[in-house]
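As written, the chains take the letters A, B, C and D, and residue 1 is the first residue of each chain.
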Amino acid sequence: MKREEIFGADNVHEECGIFGIYDNGDQLDVSRLTYYGLYALQHRGQESCGIAVNNRDEEDKIQILQYKDMGLVQEVFNPLVLKELQGFAAVGHVRYTTAGASRRENAQPLVSRYQKGAFALAHNGNLVNVDKIREELQEQGAIFQTTNDSEIIAQLMAKERIRTNSTAEAMMKVMTEISGAYSIIVMTPQRMVVARDPQGFHPLCIGKIKNSWVFASETCALDSVNAEFVRDVEPGEVVVVDKDGLHSYTDLCGQKSALCVFEYIYFARPDSVIDGASVHNARLNAGKFLAKESPVEADIVIGVPDSGLDAALGYSYESGIPYGVGFIKNRYIGRTFIQPTQEEREAALRIKLNAMRETIAGKRVVMIDDSIVRGTTCGRIVKLLRDAGAKEVHVRISSPPFLNPCYFGTDIDNRDKLIACKLSLEETCSYIGADSLAYLSIEAMQNLVPECTRGCCDACFTGNYPVYVPEEANE
Amino acid sequence: MKREEIFGADNVHEECGIFGIYDNGDQLDVSRLTYYGLYALQHRGQESCGIAVNNRDEEDKIQILQYKDMGLVQEVFNPLVLKELQGFAAVGHVRYTTAGASRRENAQPLVSRYQKGAFALAHNGNLVNVDKIREELQEQGAIFQTTNDSEIIAQLMAKERIRTNSTAEAMMKVMTEISGAYSIIVMTPQRMVVARDPQGFHPLCIGKIKNSWVFASETCALDSVNAEFVRDVEPGEVVVVDKDGLHSYTDLCGQKSALCVFEYIYFARPDSVIDGASVHNARLNAGKFLAKESPVEADIVIGVPDSGLDAALGYSYESGIPYGVGFIKNRYIGRTFIQPTQEEREAALRIKLNAMRETIAGKRVVMIDDSIVRGTTCGRIVKLLRDAGAKEVHVRISSPPFLNPCYFGTDIDNRDKLIACKLSLEETCSYIGADSLAYLSIEAMQNLVPECTRGCCDACFTGNYPVYVPEEANE
Amino acid sequence: MKREEIFGADNVHEECGIFGIYDNGDQLDVSRLTYYGLYALQHRGQESCGIAVNNRDEEDKIQILQYKDMGLVQEVFNPLVLKELQGFAAVGHVRYTTAGASRRENAQPLVSRYQKGAFALAHNGNLVNVDKIREELQEQGAIFQTTNDSEIIAQLMAKERIRTNSTAEAMMKVMTEISGAYSIIVMTPQRMVVARDPQGFHPLCIGKIKNSWVFASETCALDSVNAEFVRDVEPGEVVVVDKDGLHSYTDLCGQKSALCVFEYIYFARPDSVIDGASVHNARLNAGKFLAKESPVEADIVIGVPDSGLDAALGYSYESGIPYGVGFIKNRYIGRTFIQPTQEEREAALRIKLNAMRETIAGKRVVMIDDSIVRGTTCGRIVKLLRDAGAKEVHVRISSPPFLNPCYFGTDIDNRDKLIACKLSLEETCSYIGADSLAYLSIEAMQNLVPECTRGCCDACFTGNYPVYVPEEANE
Amino acid sequence: MKREEIFGADNVHEECGIFGIYDNGDQLDVSRLTYYGLYALQHRGQESCGIAVNNRDEEDKIQILQYKDMGLVQEVFNPLVLKELQGFAAVGHVRYTTAGASRRENAQPLVSRYQKGAFALAHNGNLVNVDKIREELQEQGAIFQTTNDSEIIAQLMAKERIRTNSTAEAMMKVMTEISGAYSIIVMTPQRMVVARDPQGFHPLCIGKIKNSWVFASETCALDSVNAEFVRDVEPGEVVVVDKDGLHSYTDLCGQKSALCVFEYIYFARPDSVIDGASVHNARLNAGKFLAKESPVEADIVIGVPDSGLDAALGYSYESGIPYGVGFIKNRYIGRTFIQPTQEEREAALRIKLNAMRETIAGKRVVMIDDSIVRGTTCGRIVKLLRDAGAKEVHVRISSPPFLNPCYFGTDIDNRDKLIACKLSLEETCSYIGADSLAYLSIEAMQNLVPECTRGCCDACFTGNYPVYVPEEANE
């Protein structure tokens, strides 16, 4: 369970994880492997999930079968469903959506039939020029059954594919029309087409199992199916896999890349390696930088589980202050947990997170967390430490303050809920009840992943958007 | 439960029931009333169902909310879901589909967004020129996410509505493009548009609750919500309801009508009145005609529950042979009933239907059923009577033999499974093990509903198709 | 679904159905057959059900496995559960209980371990001296985990079985201690012991499949597993089946028998034969007697589905007034149906039962129902007929008025809710809005089943209790 | 989720957690608080759970309501169920059981009615003389519906309570009859009776919310309901709470105590404090001792999540070797996870646990785990490290080797599955593929919790059983 489930709305959400596998004669159980892969990507989306497969029927005709629903991977799939999803290729998706019974329609992959056949599409990211494209499509009479960008992309794909005989070319044509963040896997009856936007906003990697190919949002999904990591999909690259192997189309590569830096700070699993840089190392580095930039006399360094733990260890390494276990998180709190009543709201956190009195009592504590959105949750955690007897609480945040909305696939979409837009550092420190508060500097943040030679998108901190963001996206 | 659940594939299925309600200031609970209406229409489709409502949000903007899933009405909906579906108009649908996990996408109503807004569409019937239309749409780049005719109609609606300012005109334009059977309810944010194909293949009626309007496939659904019956929608008519009341567009009326005669014989609920004729009376008439056409010396007349009971009573009225209770049907066998194993197949029927020995033993029995498809089930039922001691079994079928496929919304789609296409009357009689067998004559069938001044479609019996059926529909 | 689910509390409930099977070398799938048998007995109890089997493990040791839960047979059991319940003997139970989450403990069969092994017990009926026995057992330190009489019987069985080497003797000893209504099946690791109280309050019959023995509350359950009917268990008889065959112990037989007459009138399935008399015939007779005793000029006779239909047919036979279909009952309304809101209470019935206007409008109607408890439901049904245009409504009840509580296994337990204890015939007629009202006479009721040479218990009508009922049972 | 779910049978299970609350005029929502308390104790049992409450009905009569089922706390309970469980006192239970559909009966609390009323009983532990007691009770005719020790205790309680007017005295009398491990909460209509065996095998503590009393297996459950820790229940103590407050009975106190040392090493949550000693500190100490006793030249110390992490930190503290994050555990793998197929068994662990290559590659690694049972899982984890590039793997186990079965409530019940009974240290090291292997010494183990002045039971390591264990318990 990611922190968002614990702290409710007071956090940042990413919106998707994607996984694809193309069996090239290895007799793999592609739906089961996709199921394992989605498990490893579950942290990227817990609201709905789905799998589509290329099924060869008795007459050797290929049809696309799919199954998707609201819920966690383990809630949606069972052995009977997986058994029905036989095929030689599969594409899977996990999705975070805002709540609402009526949103089942938005689950992915999206399977579409068009003039030249059918395809399944899974998409991670957010387009910024979607309103203009939708308008154009609607003028031609298009209808939309979902509110997903994926449906936009699917319609463009169909239109372009009708005009050309190559799926790769169609995909590249679509990429010149859309702008923003997108990691895409398209499965057609004969091949798998994989694309990453020219800025490479979100991760997408290639792995191999014997002669078969695997694609996933993060390398931890490759590990889960015991695939060998081959390389990342390049920003702007289109990769096509068919029975003749893997083909790369790089016409759109070479633009200034802009990987979302928050993937390193919070979104991705620490055991993933993105564009050459270890997420775990990035977080250790964040902690080390914090220790250098904002040192403090203290007795113990602790992290807020799970995403603050790595940076806390880094802070300890650099500062020499011992690392300690500050909190125990209840591992059994799931989606169906019955929330405390309104009046007990104060106590809600206590059920999910318990401060370790032995580590904290009488100590000067450095507490590391990955970010502050509204500040309410952070304030409650500080209070847990005070109640457990902490003498001092020094909060260190392993990212700079959020000052700008994100248009590329997270839900930091509104300045109104960002505490850093409303309070000064001192006011925030006082609001959360800490003895001191420091954020990671912009400069340090830009040096978290020296191994990654590509640029990062840090617009939520700096306001430097790597692509033009139309006005209407600002609503 | 209708007979199809009992007898598996050896029967005829209809594919849909639709219901709509437009609250004109009466503060009705439209989703709950739609839920009751769908209950009354459940016999028209048990595989999936759904409801969409016109919801006015806090800022008085109207959005369409929907909920649909595989399952019976009572399985899909619960009080929490209905409570979320608040609005001033609602449209609902029950659907029969062939099995398969991947078909959830086909559940209706279909909610679409297009250039001029959004609409929900529910459809009962089957188009015959759908392949040609799909081709044309695909040439323009259209994609399809379902295999429903409804999606075709929705795309046409969107295209036509863009060209004109009137939903009614758009609907009439669409009706000139499509051919076949369709009863349609379209809900837009402001109005409800209802249409019935010019042949009036399937029933569709109008009711009223105070100042509010109700539309349903059958009058039994009006009864279930205590609506007053107003009239049938005319074949070819388009009805629009908005806050100014009901408007009728009859430009396409006046063609030769062709109501599916099997609605009277089997599909519809006996307490419904269709196009002026009572279904119950039609079945009584069928029994009376059978008694006149195919009399037999016998001691008792029985019907196969539930659809053979009315005709059996009619046979008794006409012949003077006493009516008896020949079978007890287990009312608790539902969708999750665990089927007997393969080797027990012979015994399967016995769990669901038990012959009443007291009525039958030592008697000459007239057994009335509504139709014979493959003949296997009928044969098993005859055997139940023999095992219970019947001296003679005279089978009378309250419809003529099926000789032709139906293209208008039932699944009599293949001559291969029709026993009457393969065996003579005598052979069939011998196959099912009866002492005598008689079908209703074509002539009698054409006189079942004298109150109904419209013509009926009896193509499945006569081969006289009321509209041109393209070759490709024959696959 | 039985009428109680439709009409809520305004009806009479029976509390149980039992089924047992002992495979004597025929390699039967006993849990599956028990599942089918319970299906056929579902009308005797819809709240919980269970199956226990004698399982031989790998080391040839016999252990009793069980599975039981709240819900209908088809909700509780699935193929996986049945597959786990392998064995050579099985006992099953369906139960009606008053609502309440905490009552799962009361589901049967009850599996107990004691000094000499283990046994599973299923019980239908109600003891009248249970308080005294419980007191005695508690004085010796006994604890009770359920509120079932079955647990009392199980404790007595254990005590008696310790003192004797014969299960049959132990059972007979227990039978001298308990008083009231009980049909019991006890399954031990080696045998099946079946007993019926000396009055034979509730039915219990014996059937055979090849060399194997079957026991069931009603013969319709024998039919459902294609077992041959052998005979009824005699009142007071103990039957033991083991690998050497069937043994009968008749020491306690010969008392005045008192089969619950309401089994014929309402409880049992019409296709069952109880103690030599057909339930269907009994109901036909009730209708015939009513026609003789309370004739009326009328145009049509109708029955309230499902239990009034047979008597209506009998009334028609005797009076010559045509039998008609007066109501259509919605076959899809199940346990999870969402009830109409309080204010719609009036309309509740309409969703479940629709009057057939064609049969009724302008007619003088005789409406047959099986009984009147509170009168509210009957009044609503009469109103349905009036609304459908009935000119006159003459209500005929196929049983005498309820005047006394039942202590033997039904829930007619309180004079306060019996309309006949509070209103005169004329007042009741007026209360339900009928033009005339007549009940079956006591005398006619006592002649319903001439084939059954045993006496019946009609205490609920006459107050003549066949066994002494202690004061405390009257609470 | 505790490690047992990940590693299947290759681990040690504890069998229960208990929680009780008695509201003394504070208007607490006792069922909701019990639900939260059981959440905090979920690690002590994941197979079934239940809550019983003392409900005061409309006539002010007190009845015990209960709800229990197979599954996790969040699966079994929902808001509707909790709302039905209103009362002024509640007792809850989580249980680990071996699999099997038929074991639902064993869920606790056990609610019994007996001569003087009713009571609910929740029990954690295992009696060693249960066979002899059961025999005696059975001779008197007792029957048993479960295979729980709890039912034995309930029967004894009823018998003793009949003989005396004091629940406390009855409890103490029972305690002289039973031997072994038991922490018990009994809720009667008027009071709550809490007892801990004279050896104090398992933890049990007292907390307070305003004027109300709380009892729980571990202090982390007190924290979860924001109760103030008061003290532990003393070994041999009986505590009674009623409206007059808390009463302590210490007649049976003073024996040599023997708290299960494995509570500190593995069972308990690290944020709990048991008999004066912090579990987290005990684990840090284990790591420190290991570093002193079995030092090794290495680059990094890692723990196997979750229970090895604390000891790894202690090893790092003592040795000066840096602490690192060696594994990422998938937090989403729950009970319904579809296991890899047989042939993929090797890969099963990889889906649940991923080695952190960045921490490990090229390093000499010290890996800390809490114990080794069969050795297969440990071997697989070592292989994960090798595959991730570890240069050396030195395994350190934070407990001595298991050599003897436990009879007091864990499932270390069979020498056959204990690798230390079959292989020497060197052989084990080779079997698991480590470069070196060391266990904690017996002496160090006995000094883990200096704050705890009571003795510990370490029989599983030393064979010194603190109470006489009859032969028959050895099966």
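Definition applied: contacts are C-beta pairs under 8 Å (C-beta built on N, C-alpha and C of every residue); 3 or more make two chains touch, one makes a residue touch a chain.
This is a predicted model, so every value here is computed, not measured.
Novice: When you check each chain against chain A and chain D, which touch both of them?
Specialist: Chains that touch both chain A and chain D, as defined above, do not exist here.
Novice: If you average the CA coordinates per chain, which chain's centre is most distant from that of chain D?
Specialist: For chain D, the chain whose C-alpha mean is farthest off is B.
Novice: What whole-Å value do you get for the distance between chain C and chain D if each is reduced to the mean of its CA atoms?
Specialist: Result: the chain centres lie 47 Å from each other.
Novice: Quick one: chain A and chain C, Cα centre-to-centre, how many Å?
Specialist: Centre-to-centre distance between chain A and chain C: 59 Å.
Novice: Which residues of chain A are in contact with two or more other chains?
Specialist: Residue numbers touching two or more other chains: none in chain A.
Novice: How is the touch graph of the chains shaped: line, ring, star, complete or other?
Specialist: Contact pattern: a closed ring, each chain touching exactly two others.
Novice: Going by the contact rule at the top, pick out the chain B residues touching chain A in the complex.
Specialist: Residues 65-67, 69, 81, 84, 101-102, 104-105, 110-115, 135, 138-145, 147, 154-155, 158-159, 162 of chain B touch chain A in their complex.
Novice: Quick check on the complex: what are the chain D residues that touch chain A?
Specialist: On the chain D side, the touching residues are 1-2, 29, 32, 35-36, 39-40, 42-43, 46, 72-75, 77-79, 82, 220, 223-224, 226, 269-271, 273, 278, 280-281, 306, 309-310, 313, 317, 322-325, 328, 330-334, 336-338, 340-341, 347, 350-351, 354-359.
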